[in-house]
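Each chain gets a letter, A, B, C and D, in the order it is written, and its residues are counted from 1.
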Amino acid sequence: MAQLLYFGRLMDTLGRPEETLTLPTSVRDTSALREWLDRDRGLDGALLEKTIRLAVNSEIVADPHPVSDGDEIAFMPPVGGG
Amino acid sequence: MAQLLYFGRLMDTLGRPEETLTLPTSVRDTSALREWLDRDRGLDGALLEKTIRLAVNSEIVADPHPVSDGDEIAFMPPVGGG
Amino acid sequence: MLRISDEPFDAGRELSAFETEAKGAGGIVSFTGLVRDHASSGEVRALTLQAYSPMTERGIETAMAEARERWPLMALKVIHRTGEMAPGDAIVFVATASIHRRAAFEAADFLMDYLKTEAVFWKKEATATGEHWIEPRSQDYQDRARWAKV
Amino acid sequence: MLRISDEPFDAGRELSAFETEAKGAGGIVSFTGLVRDHASSGEVRALTLQAYSPMTERGIETAMAEARERWPLMALKVIHRTGEMAPGDAIVFVATASIHRRAAFEAADFLMDYLKTEAVFWKKEATATGEHWIEPRSQDYQDRARWAKV
């Protein structure tokens, strides 16, 4: 099981702040995760935007970065500052 | 009677923060006042220093500026800020 | 010292506490950021800030360490609210203490520029026209660029 | 608001009071100047500040008016101690409030530069070697020169 976190407007886009799920075996990196999840939820590319950064276990990563069950994976829109 | 105020180190030089006295009739401006008072107190030029500014009725003035009985005259060393 | 919390705080009380931590300092600068009652989209009813712990803390702590490297600071404090706030509420408090006032001013200014642009927060304004997630302003990036290492 | 007084003050309490005056501000900057415990001539036992009223007030008020002209400020406060103070005591407190944090920072910095160089105060330090009247530092003049109108 991986824990997915959705921050900022993605919380609205996904309809929840987080969820825990088993990654499909085809999803082995962040690029594949973006595509699979975007298609699965019918988001029309919202998760494919370049400005959306992914963090794996609270480290920001560059696509494609390996992901696997047990990871905490955060979808982060541009940070707005405090 | 004129009121003389001595600020900063001049308070120590003159041995008091202020005094009230009748100006000699020969003292009609700030330059004459500096000279007379310096000589009268034996200050060896302490009041003639260019960095000592005079204020008459709380306005800084350029020498020679008229002074007369009834004036408040302040002797001001360089201000040090707060 | 860094504190990120949903709890409201009182800037005056924080400044008093900071002063006792900053023994020997000649100058203390504080910045308090407040929720404004107006935004481009109208009257603001609420502001919600979301952080991602521990990434948010780690980023701010790195900026605080950089401030300590650049300026001789005796003490340093950052408090940041998260959660829902109303206009007039304090969002952020930064305090810096140094022997010299210039160092205290510059370090506080530097930390605020970091906090307003690179700090890991997402924010949502609620106005009469609904809720809006806020994007960074370009002015904020310009301010931050003032501190670029050359 | 300007207050020059022999009475001690608490910077935190002043900041809290200022915040309530600064309704609608997005940012508040405060500077607190404290008596240092060391000077070039050794350990400081006391600092005495002398003002010349109303000349001192008039000068500071002129600088405050200039700050209001240069920056969009919602509120502005200067408190200055006179008389004898001990190390750690607050000498001066400046607070500025504006919509934009840059204006608040710059206005506070500007006022402090005025207060440290041109404000009409004389000061005396008491150290182990006796009492010394303090002359302005050249760094202070350089800081002040940053604000020269061009």
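By our rule, contacts are C-beta pairs under 8 Å (C-beta built on N, C-alpha and C of every residue); 3 or more make two chains touch, one makes a residue touch a chain.
For clarity, every value in this text was computed on a predicted model and none was experimentally measured.
Enquirer: Please identify each chain that touches chain A as well as chain C.
Expert: Chains in contact with chain A as well as chain C: not a single one.
Enquirer: How far is the middle of chain C from the middle of chain D, if each middle is the mean of its Cα atoms, in Å?
Expert: For chain C versus chain D, the centre distance works out to 23 Å.
Enquirer: Can you work out the whole-Å distance between the CA centroids of chain A and chain D?
Expert: Computed value for the inter-centroid distance: 51 Å.
Enquirer: If you average the Cα atoms of chain B and of chain D to get two centres, how far apart are those centres in Å?
Expert: Their C-alpha centroids are separated by 28 Å.
Enquirer: I need the residues of chain D touching at least two other chains; which ones are they?
Expert: 33, 116
Enquirer: Mind pulling the chain B residues that touch 2 or more other chains?
Expert: none
Enquirer: If two chains touch, include that pair; go through all of them.
Expert: The complete list of chain pairs in contact reads A-C, B-D, C-D.
Enquirer: Can you list the residues on chain C that touch chain A in the complex?
Expert: 33, 49-50, 52, 54-55, 58, 80, 91-92, 115-124, 133-136, 140
Enquirer: Touching chain C in the complex: which residues of chain D?
Expert: 10-17, 19, 22-34, 36-38, 88, 90, 99, 101-102, 104-105, 108-109, 112, 116, 143
Enquirer: Contact residues on chain B for chain D in the complex?
Expert: 5, 7-9, 11-12, 55, 58, 60, 74, 76-82
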